[in-house]
Each structure stands twice: as C-alpha cells, then as structure tokens.
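All chains are identified by letter, namely A, B, C and D, in their written order; residue positions are counted from 1 within each chain.
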Amino acid sequence: MAKVSVRFFARYAELAGCDWSAVNVSTPATVGDVIARVREVFPGTQAMPPRPLAALNRRQVKHDALVNDGDEVALLPPLSGG
Amino acid sequence: MAKVSVRFFARYAELAGCDWSAVNVSTPATVGDVIARVREVFPGTQAMPPRPLAALNRRQVKHDALVNDGDEVALLPPLSGG
Amino acid sequence: MTHLTRHPIDVGDLLATVQSAERGGTCVFLGTVRNDADVTSIDYAAYEAMTFEEIERILAEAHERWPESRVMLQHRLGLIPVGEASIAIAAAAPHRDAAFAACRYVIEEVKKRVPIWKKELHVDGSATWVDPSGKPVAGGLRDR
Amino acid sequence: MTHLTRHPIDVGDLLATVQSAERGGTCVFLGTVRNDADVTSIDYAAYEAMTFEEIERILAEAHERWPESRVMLQHRLGLIPVGEASIAIAAAAPHRDAAFAACRYVIEEVKKRVPIWKKELHVDGSATWVDPSGKPVAGGLRDR
C-alpha cells in the first residue's frame, strides 16, 4: 500500500469540494491508478476529462508514472498563467 | 543653376571641416552631381567612400535622384544608432 | 528576487536584477489584464511550490541556451485589476537577438508549463475560469 | 512624447503612452551602452530633423502592419554613460505575438534607417566613431 497526497486546483478543487486529500492505493501503482481512486472517493471529479493533466512531486508526468508512499499527486486544470 | 544646402555629419563633418554648406550645380543635376561638386569644394571629403549614403530633404535616396533649387542634401556616414 | 508576488510588479526593480554593463540589449515582456467581455479583474491562483520550481527550471533552460543572457520573471497572484501586469519578464544579453529570444522563450514556456489558473471577474458579479483556448468556461463556484 | 531626448529615458513614462486596457501584451526593448573595450560612455549625434521624420515613418509602418498595436520610441542623444539606455521602444498590443513583432520591427528599422552616429569615449581619453559592423574606426578628431 502507498498513501499518496492529492491536491486539487482551480475548477477541479470545486469539483472535488476540497483542495487537498490523501488516498491509499495498492502498489505498484501509477498516477492513473491514483486518479481512478480519486474519482471513486470524490464523485464530483468524475466531471474531469478522461485524462486530466497531472503532476507528481511538482513535475508534470504522464499517467503511467509510478507513485510511491508519501508522493504528492496534483490534478491540474488546463493552465492559464502568464 | 540650383543652389543646394549640404549637410555633413559625424566623421564626414570632420573630413569636410564643417557641418553645413551650400553648393551651386547646373540643372538638371542629381545628388551624385552635388556630391562630385562637394568633393571639389571640400577636398577632405575625397576620403569619403565612392558612393556615400545620402539623404535628399530628409529621406535616403540613391545618387541618381534629381535635386532642385533649395533642396537639402545630407551626407551620412554608416549609421550606428539604436 | 522572488518569482511570485501578491503586490504590483515593479518593472524597474526587475530590470535592475538583469541589466549590467556587459549586456547592451534588454527585452521585457509584460502581460496585463485585458478588459475582455466586461472583465473587471482576474483572480490568479497557483500551485505555488510547483510554479516556483517550474519557473526556476525555465530560467535555467534559458540560461543554458543563451549563456550570456540573464533573465528574471515575476508572476503576480491574487486579484489583479484590468490594466495591471500579471507577469513581467526581463531578459538582458550582450546583443538584442539573444535578449528577444530568451524573453520569448520564457513567456512561451511559462504559458505551457506553469500551474497557474485565472478566474475572470465580470462587471455583473459573475466569475468564470479561463480555459487555455482563451474562452471562459464553467463556474467559479467556490468563491460565489 | 518626444522621440529625441538629452535626458535619461524613463521606461515608465514610455509604457504609459502605449498601454491600455485592450492591450494585454507589451514588449519593451532597451539598448544600453556596453562597456566594450574600455568604453566609458558614448556620444550620440543625430541628423535630428531627419531622425524625427524617419522615426515617425517607422512607427506609422508598424501601426499599418499591426493595426491594433501602439508603439512608442525614445532615442537619447549626447553623452550617455555605460549602463544607461540610448534607446527604448515599447510596443503594446492585444496579444503578445504582435507586441513582440512590432517591437522587433521598430528596432531593426531604426538600426537600418535612422541617421544617428555614435562616438565611443575610452578610459584613455581617446574617441572613436563606431562603424555599423560594430568595430570602431578612425578619429573623433572634431572633439579632441
């Protein structure tokens, strides 16, 4: 098992109803597995696109990136900075 | 005959020994004719390149541009503004 | 100089961090809040820790590509009224080609990579998240 | 705002002349005196009447190419110490592509067309006219 921090931003925080949470996933697990678990725990996030932009420990990654206990996964709506 | 003002700038003013003068040329005359006359009147300007950059009434022109009485011809060293 | 601020950006301060006697060309980019579609202000939110790290990476890449350049960036967060700057980038280099190129590189990478989101606030009191195509989408539920 | 000045250029004043609520992107170029080869300052001389007209033409061309942009330029003349700006261009437009393009267009045209000359003053007291390839040439006879 790995306990992974999950952060929600902007519209996704509205969908989740929170900014921060943590989920448990059986290892080996990927960012995609974390997101699947998030959709179960926070049904509002089912309105996110099928493959939302994600960051692992503050770097954008693909959904097949492996997660470890203590990692931070962030779900990022389409960026609009600048 | 046309009387044409002639202006010298930067290094060409040093070569001419003055910033401003006027020369008379028989019409029809071109900027090139004015420059040829300048080289006679101000021998120092013979050190200018064979075809120096020139402006007629504050616009860059080729040496075949026609001049009229009262026009202003300027002899411009290679530009280095900015 | 910090990359993220909640106060108005001072371009003079930014310039001072990049200019020097060896660098004869400086290019600055300022992004300011536009009055599109009755927008009165934009509320900028960031994933701050990642934003900071991503900006550091982008500036390091610019330095690697244009080694003689020096580039600095500030992004403002929070509520920014129309007409004020949300981002300022200053790139100084010995010659202008590198200054323009480095400045442009940094703004393009920031737009693509930095986790910042804007919510437009309108004259009528409504709020809309901005999507990257430039069209406002859904809600602004949280603040209203 | 005048295009030619004998005083230090104020970038804030320049920005104020081009920015507005519709223009979300602003690109600024600053050319500053570099400390090349023991240069202490550069003396800028211009054919002022033609410089003014040529700058007006260049700005009009930029406006024709990027109609939603607004560009302003100041060139400083006289003795400018190392590190200070000889030229500043600010281009504001609704989007950044036009702001960068208009700013770049104006500096390139200025370099090609505006009748301004610089004489470098060196630590040892000598003076040299700068030729456009960037190499100092002959004399500076007049002032020495």
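Convention: contacts are C-beta pairs under 8 Å (C-beta built on N, C-alpha and C of every residue); 3 or more make two chains touch, one makes a residue touch a chain.
Predicted model, so just to flag it, every value in this text is computed and none were measured.
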Any chain in contact with chain A as well as chain C: none
Farthest chain relative to chain C (centres taken as mean CA coordinates): B
For chain C paired with chain D, centre-to-centre distance based on mean C-alpha positions, whole Å: 25
Gap in Å, rounded to a whole number, between the CA centres of chain C and chain B: 50
Set of chain C residues in contact with two or more other chains: 31, 107
Chains that touch, pairwise: A-C, B-D, C-D
Chain D contact footprint on chain B (complex, rising order): 7, 9-11, 13-14, 55, 58-60, 74, 76-82
Residues on chain D engaged by chain C in the complex (per definition of touch): 11-12, 15, 19-35, 82-83, 94, 96, 99-100, 103-104, 107
Interface residues, chain C side, partner chain A - complex: 31, 44-47, 49-51, 53-54, 75, 86-87, 107, 110-119, 129-132, 137-139, 141-142
